[in-house]
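Look at the two complexes coming up: chain A is in both, with chain B in one and chain C in the other.
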Partner chain A sequence: MASGDSLVQFSPLNVESPAANAATLDTRNAHPVVDFDAAANEEAVFSGVMPQHYAGTTGVTVYIHYAMSSAVAGDIDWDVAFERVGDQQLDIDGDSFAAVNSVDNTTVPGTTGLIDIVSVAFTDGADMDSVAAGEGFRIKVTRDAASDTAAGDAELRWLEIRET
Partner chain B sequence: MAGAFDGASHLEAASAVVSAAPFTMNCWFNVTALAANQSMVSVSDASAVNHYWFTAVAGNIGGDPVRASAAAGGGAAAADTSAAPGAGAWHMATYVETAANDRDSYLDGGNVGSDATNLAPTNVDVTTIGAWTIVGTQFNLFTGSIGEVAIWDVALTTDELAQLAAGFSALFIRPGDLVVYHPIWGGNLTVPMIGPTFVNNGVTDAADHPAIYYPASPFMTQRSIDPGRIFTPTYRRRRIA
Partner chain C sequence: MATLSAEQLGEIHTDVMRLWSDENLATPITKAQLTTLLGIIDPEVNTAEQEILDAIPAGPEKAWLTSNPHISRRLITMVADKRREVL
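Right, the complex of A and B next:
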């Protein structure tokens, strides 16, 4: 695939809530969204298979499409991490997410309903837990609410993984 | 679509999907009229006099609340919501039994009413939708539509109930703890997605269903085709003499 081509797209209807600190499903004008608190670091997990056409050279970039429930000022921090499931790579009885990469200090939109898109890049290999083409994986998105300053919920509308 | 209950019909499974607290019963319902006590979901001892848990529209008492009621061989106790559902519209009823002495009734994820009477029904052996079964008979039969019936063997939190009330399927909420999930759509009245098979006693397919978001698969892209490599069929021109 060429740089910038889309690999996988997730919506709130794909979310797999973790047992603890789960971001919660909600709707906004009939748009399904995943709400991340301002008071605690909440997480949403999605899973898929890395498309066979992932080149495995330049890595991937994760695009987070979000709006704020009420905030029109302040900044927001997001953390993203991959977990390779693969072919006899991971005992799924336990979690094994790699270290997070982050996009921090993004000023939120001045209108609450506006979707903002931010991105987090991962180099191929350990940075994305060595997920390869054709392998199952999970991706975890966390709002680093302890560090950001925007008030109220952040609403995740879509998540896209593109070839970097 | 959801199940249409006519005040004489019900779905019944000869299995108690939960036998003690904690549990959560949840369903969407559209009641035809706020009259009489009309049970949506119950778990009970089918042969005894008074061992049960049920959630119902209590149109027989002031305020027409949604009631979460329990009895353990003697008198019943109930938690009643602080608001009434409107007739002819879809609403969500939830009974959360956190412990034998801690039960809550919710309407549309809120309007909670609570009860702390210590009651632990025993020998429960039947799950009924659209009624409540004791001494071999169905009581409090429901008139209207019921769908998206779900029972968990855990007590859900108010955050989780809010997600259900926003219209998300029970499959999003602690799916590993679901012991019944019976959306009752597509004319399938008897075989739930999760849980025991129900026997249909006169329930028909309703005209509509609550608006629900169901889990979906992620969108996986396909390899793009290089336009220069697209096969273009060519045809030999036929010479016409």
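Right, the complex of A and C next:
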């Protein structure tokens, strides 16, 4: 696949809530969203299979489509991490997410409900927990509410993974 | 009467942000600015509560409210809530 081609998309209806600090499913004007609190670092997990057409050379870029519930000032920080499940690679009784990559200090849109898209790049290999084509994986998105400044919830609307 | 603790102000901070999020209320201030705001409002309310009690003429109502601050505070809160409704 060529750089920029879409590999996987997730909607809020695909969310798998972690046992603790889970972002919560909500709706906004009938749009499903995942709400991330402003006072605590909350997480949302999605799982999928990396498409066979993933080239495994340049890595992937994760695009976060979000709106703010109320904030029209301040900035927002997001952390993203991959976990390779693979073929006899991971005992799913435990978590094994790689270190996070982040997109920080993004000024939020000036209108609540306006979707902004931010991106986080991962190089192929350990940076994305060595997820390869055809392997199952999970991706965890965390709002770093302890560090960002925007007041009120952030609403995740879509998540897309593209070939970098 | 006393001002609220940092923990109590933090609880208000969290509750307010959740309320505004639920209402999709456009919020042009940051979390830090909200913290500053609450830090100003609380001691002002504390002062105002005492001034309200001081303004009540001597008599059974003043004695009752002075010895039962939870009742005076509830009255003040109810008046404040109604004032918010008529904005």
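The working rule: the second predicted complex is superposed on the first by the 164 of 164 C-alpha atoms of A that agree within 3 Å, B and C clash if a C-alpha of one lies under 4 Å from a C-alpha of the other, contacts with A are read in each partner's own complex, and residues count from 1 in each chain.
The rule is short, and it goes like this: a residue touches a chain if its C-beta (ideal position, glycine included) is under 8 Å from a C-beta of that chain, and two chains touch if they have at least 3 such contacts.
These figures come from a predicted structure and were not determined experimentally.
Student: When the two structures are superposed on chain A, do chain B and chain C clash or fit side by side?
Tutor: Taken together on chain A, chain C would fit alongside chain B, as the superposition shows.
Student: In the superposed arrangement, which partner chain does A:Thr27 touch: chain B (first), chain C (second), both, or neither?
Tutor: first
Student: Per the contact definition in the header, classify A:His53: touching chain B only (first), chain C only (second), both, or neither.
Tutor: first
Student: Can A:Val15 be said to touch chain B (first), chain C (second), both, or neither?
Tutor: A:Val15: touches chain B, not chain C.
Student: Examine A:Ser6 and indicate which partner it touches, taking first as chain B and second as chain C; both and neither are also allowed.
Tutor: first
Student: Looking at A:Thr112, would you say it contacts chain B, chain C, both, or neither? Reply first, second, both or neither.
Tutor: Touch partner of A:Thr112: chain C, not chain B.
Student: Classify the contacts of A:Val72 with the two partner chains as first (chain B alone), second (chain C alone), both, or neither.
Tutor: Second partner only, chain C.
Student: For the overlaid structures, how many degrees, to the nearest 10, lie between chain B and chain C at the C-alpha centre of chain A?
Tutor: Result: 70 degrees at the vertex chain A.
Student: After superposition on the shared chain, which partner residues are touched by A:Val80: those of chain B (first), chain C (second), both, or neither?
Tutor: neither
Student: Identify which of chain B and chain C touches the larger number of residues of chain A.
Tutor: Per-residue touch count on chain A favours B.
Student: Superposed on chain A, how close does chain B come to chain C by Cα atoms? Whole Å, please.
Tutor: 11
Student: Would you mind listing the overlap between the chain B footprint and the chain C footprint on chain A?
Tutor: The overlap between the chain B and chain C interfaces on chain A is empty, containing no residue.
Student: Residue numbers of chain A touching chain C in their complex, please.
Tutor: For chain A paired with chain C, touching residues are 28, 35, 37-39, 69-74, 111-113, 148-153.
Student: Which bits of chain B are touching chain A when the two form their complex?
Tutor: Checking each residue of chain B against chain A gives 159-160, 162-163, 166-168, 172-174, 213-224.
Student: Residue numbers of chain C touching chain A in their complex, please.
Tutor: Answer in residue numbers: 13-14, 17-18, 20-32, 34.
Student: Which chain A residues qualify as touching chain B in the complex?
Tutor: By the definition above, chain A touches chain B via 1-2, 5-15, 17, 24-27, 32, 46-49, 51-53.
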